[in-house]
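First subunit A sits with subunit B, and in the next complex the same chain sits with subunit C.
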Partner chain A sequence: MQELIQAAQAALTSKEAAFIIGYALTPDGKKTRPFIARTPDEAAKLVFNHTCAHNLAVYLTRIAKPKEGKMGIVAKGCDTRAIVALIQENKITRDQVYIIGVNCSGVTADVTLPFGADNLPSKCIMCQVQVPPVSDVLVGTAAPYDKPKDAVTERMQLLEAMNEHERFAFWASEFEKCIKCYACRQTCPMCYCEQCIVDKTVPRWIESSASLRGNFSWNMIRAFHLAGRCIGCGECERACPMDIPLMLLNRKMGMVAMQQFNYRHGVNPEEPTLVGSYNMQDNNEFFK
Partner chain B sequence: MNFINDDIFMAEEKFEPKITCFVCNWCTYTGADLAGTSRLKQQTNARLIRVPCTGRIDPVFIIKAFESGADGVLVSGCHPADCHYNTGNYHARRRWIFFRELLKQVGIPESRLHFSWVSASEGKKWVDVVNGVIDTVRKEGPFEDYHKVNTEFAFPEPEEAVCS
Partner chain C sequence: MQAMKQFITTDEKLRQLVHALSKNAWNIISAGKEGTNFIYINDGKDLVINADSKPTKLSAKEFFFPKTEPLFFYKKNHDGVDLLDPKDVLRKTVLFGVKPCDAAAVPVMGKVFNWDYKDEFFNRRVEQTVIIGMACSYSDVYCFCTSTGLSPESSKGSDVFLKPAQNSSYIAEAVTPKGEAFVVEFSSFFDAANENDVKLLLNSPKGPEKKFDANQVKQWLDGHFEDPLWNEVGETCLGCAQCAFTCPTCHCFDIVDESCGYNCGRRVKNWDGCQFGLFTKHASGHNPRGHQPERYRQRISHKFKYYQDKFGEILCTGCGRCTRGCPVGIDIAEIAQEINKRNSVLV
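The block that comes next holds the complex of A and B.
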């Protein structure tokens, strides 16, 4: 990882970047956690390995923008999609970020278990960006790895095969578990609203108690707000302490974007956002 | 204490669906008004909520309607190219393309949520659309799936918030 540390130190020394958002080892040395290096010395702690599953782009909208220099960030290929998406949504500009792209060989789904074909998140199984498509400096090597069948795709098919009552019952049993911790929102790089709709109390649109009614509206609205914007990092589902399969909703919205609009968010920084624009030729068949 | 078993009476009564309609001020609301002033006959299950523009209809409104016991929802506004604010209905349409699919994914069938374009001069069309929606939802029966969500696990609303 010397390459990564050198790149980070060079950016900090030359004052190109005010800080580097990256990964460092946890105290037990087994996993990694998000870490912000502000000096070249601190940058020596940066690491990158199979447990770097986090999408650090979430910090770009949470952290105070530096007065001088750019926000440096260590980004895997999939994370750069979130960065491009934020540029598309005018939350940041390209020249505010200094991207240290890391060539990636896959991350673990469960960071406590060893890396392998049976411990891969959906994003790595479907990955097409082991080499980050955008970066200011590129480090590391991308090794091929075995990709098993994608579990989310299989669950999508199961859901597809259900009738509406079964599907509703399925989601009722899932949403019933939700404890309204909002980890799914906090960890999502695209959930950057200064005041989230679920925190609004006048009027209170979404019941804030963890009742089934409030859980239904919360999870539906969260998924809807990410429609055409979700970049599929899977962080929401990974963060959910109740293991609610949120990707089954996000994936569906992504499929609509792909099938009806041939659109993927976070690919082209120049492209207007999908839900922020319109086309007179949009599907009009469902109107009476 | 209530000694009458309501359920027996309810079962004999014919099911009448509650339909919440979100209509835009400039076209559909005016169209519905025209239907009224023209004395056109329509079923009375629809409750209209007037909003400035279809673009103002946040999907959370539709969820709120189901939470409040609606059996079906109708959303209606100006025809494409007719929007009072030029593009509000185009933006709305794009959002609903997603929202419909999302509802289907969680098991809320299409028969519960309807969309139409009704202009200010289409009083007759409004009557046909509303009657059609009411008939469809009546055939489907009460939206029991969502009613269960509303009652079984929800905390009761404070007294003053209840208006019937």
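The block that comes next holds the complex of A and C.
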């Protein structure tokens, strides 16, 4: 912890960073939540523990860019993928961010329950980046933890085994629950459009009603917009008050990007994006 | 004051009541199993009456103020346009196992829906529905009904209120004339309770500890429209409507037209939320609440000041859903506590 605070304070004192987007304890001391430290004193409140599930990269496109200094951010390995993806998509440049990478030992799915194999989000079960691959300074230690079987993978296999009618019925029953609160969009680091297509009214492309038709349009279009772009942090699913298994869709898209184009978003800041590049060797067999 | 009319019933009788209601073509809605939603049922075995259960994901407001509701349908004809009333015949409805924090929200919302314009869509649903509330013995770190003038045994908003007693029985109070009429109509499932029956009542649930004083929160809000607090609490808000949509009292809506093709369409009333940037955006492009802290101030002020100013009560029943589901852990009770702290420093 001290290491994290020292790194943040050093970046703020040297004015390398204008602020640090990190985590602070809630007053009850049991959970954490996003916190923006602007002074070394404020930075003393920064913490990192098993309840730091949030992907803070979402704030990089929500907060006004400082006139001087970089945007400092505390990032887990999985979160750095979002930062790299934002660099690839020209939303930020590498020298606009100061990344305090935290070695991570997993986060909880439910912050009110103790950390453990039965309380892990899918992203931690599948995790291969306990040590952030990109950072300006690296703090903490990454302890190994027990990983159970991933329920999302199992569910995805069930879904893949369905025929298209069954699969349609499955998604119809899931999307019916949607209340159009847009928590999925608001928590998504890759959903940064200044005006989301669902908010456009002249003309209105997507019905704003939380009816089955409106819900289908919204959730499918969001999935398409994230095809080859989702970095798998699972924030949309964590935020969904109706427990719609959005990662089943997003992860499938990621798998297709990998199988068809050998592409994984948010890994190499120099690499052109999947939808922003064309290669003569690309697999074209789905054009029919 | 006349004593509340008390009856005794049992778990088994309530399940039989579901059967009788079903035969009489009532809509029957039961609280869902742990951590789920309210569900429509037809069979007594599906009834969930569990005082210990966590509040449902969505509150009961969806049965009075649905997430999307048609106001009218239109269809072009040769001479002009036909307007069709969407108000299908509402069946009589009963809501079972509603927690005090959900039931109390119905009359609170009723004030805004009957203030100048009488919202017939809301009112007819309320009129058609019998709310069977139930004492609540669930409490987690997010609950704060006791800070909003309610308690785990508040019968506000319920027509009939159940309190668990020994041997899977319940003492049922007929709270409103509508509730009394319901108990009379289905009297074979409710017996008049005598003194000995009332002795069977289980101990009253304690409920969450009181976290803040809502009157003091309002006092502070009266003089702090501009305050650094709004930036502190609002700058990490990501601006979704999870809080507003799961809230039993939030009642803002948007009205949009949706076509079903070239010749027809409908006008619908949809839930809207004040944390959306689009909520107050003018057609000119100007937005009087252009930043998240201003929107967050609106949320707190509407709940603890404006509604109090206009209707004499706060717009919050302490169910805790907004905090339980906030993706970035913003805690409304904690903000109210912080305001109390600042208020006491000033006094």
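What we mean here is this: the second predicted complex is superposed on the first by the 284 of 288 C-alpha atoms of A that agree within 3 Å, B and C clash if a C-alpha of one lies under 4 Å from a C-alpha of the other, contacts with A are read in each partner's own complex, and residues count from 1 in each chain.
Keep this in mind: contacts are C-beta pairs under 8 Å (C-beta built on N, C-alpha and C of every residue); 3 or more make two chains touch, one makes a residue touch a chain.
It should be emphasised that the depicted structure is a prediction, and the values quoted were computed from it without experimental measurement.
Trainee: If you stack the two complexes on chain A, which partner ends up touching A:G214: first (subunit B), second (subunit C), both, or neither?
Mentor: After superposing on A, A:G214 lies in contact with both subunit B and subunit C.
Trainee: Is A:R238 contacted by the first partner subunit B, the second partner subunit C, both or neither?
Mentor: A:R238 sits against subunit C, while subunit B stays out of touch.
Trainee: Go through the superposed model and pick first if A:T273 touches only subunit B, second if only subunit C, both, or neither.
Mentor: neither
Trainee: Should A:Q6 be classified as contacting the first partner (subunit B), the second (subunit C), both, or neither?
Mentor: After superposing on A, A:Q6 lies clear of both subunit B and subunit C.
Trainee: State whether A:N49 touches subunit B only (first), subunit C only (second), both chains, or neither.
Mentor: neither
Trainee: For A:R62, is the partner it touches subunit B (first), subunit C (second), both, or none of the two (neither)?
Mentor: The answer is second: A:R62 touches subunit C but not subunit B.
Trainee: Between subunit B (first) and subunit C (second), which, if any, makes contact with A:K31: first, second, both or neither?
Mentor: second
Trainee: Identify the partner contact of A:Y182: answer first if only subunit B is touched, second if only subunit C is, both if each is, neither if none is.
Mentor: It touches subunit C, and subunit B stays clear.
Trainee: Looking at subunit A, which of its residues have contacts with both subunit B and subunit C?
Mentor: Shared contact residues on subunit A: 207, 209, 211, 214.
Trainee: Residue numbers of subunit A touching subunit C in their complex, please.
Mentor: 26-28, 30-36, 54, 58-59, 62-63, 111-112, 179-183, 185-187, 199, 204, 207-211, 214, 235, 238-239, 241-243
Trainee: Where on subunit B is subunit A touching in the complex?
Mentor: Interface residues on subunit B, with respect to subunit A: 59-60, 63-64, 67, 80-81, 87, 90-91, 93-110, 114-117, 129, 132, 145, 148-150, 152-155.
Trainee: Which residues, counting only subunit C, touch subunit A once they are in their complex?
Mentor: 57-58, 67-68, 140-141, 235-236, 238-242, 244-246, 254, 256, 258, 268, 270-271, 273, 276, 278, 325, 327-331, 334, 337
Trainee: Which subunit A residues qualify as touching subunit B in the complex?
Mentor: Residue list for subunit A touching subunit B: 159, 162, 164-172, 176, 197, 205-207, 209, 211-214, 216-217, 220-221, 223-224, 227-228, 248-249, 252-253, 256-257, 260, 274-275, 277-280, 282-284, 286-288.
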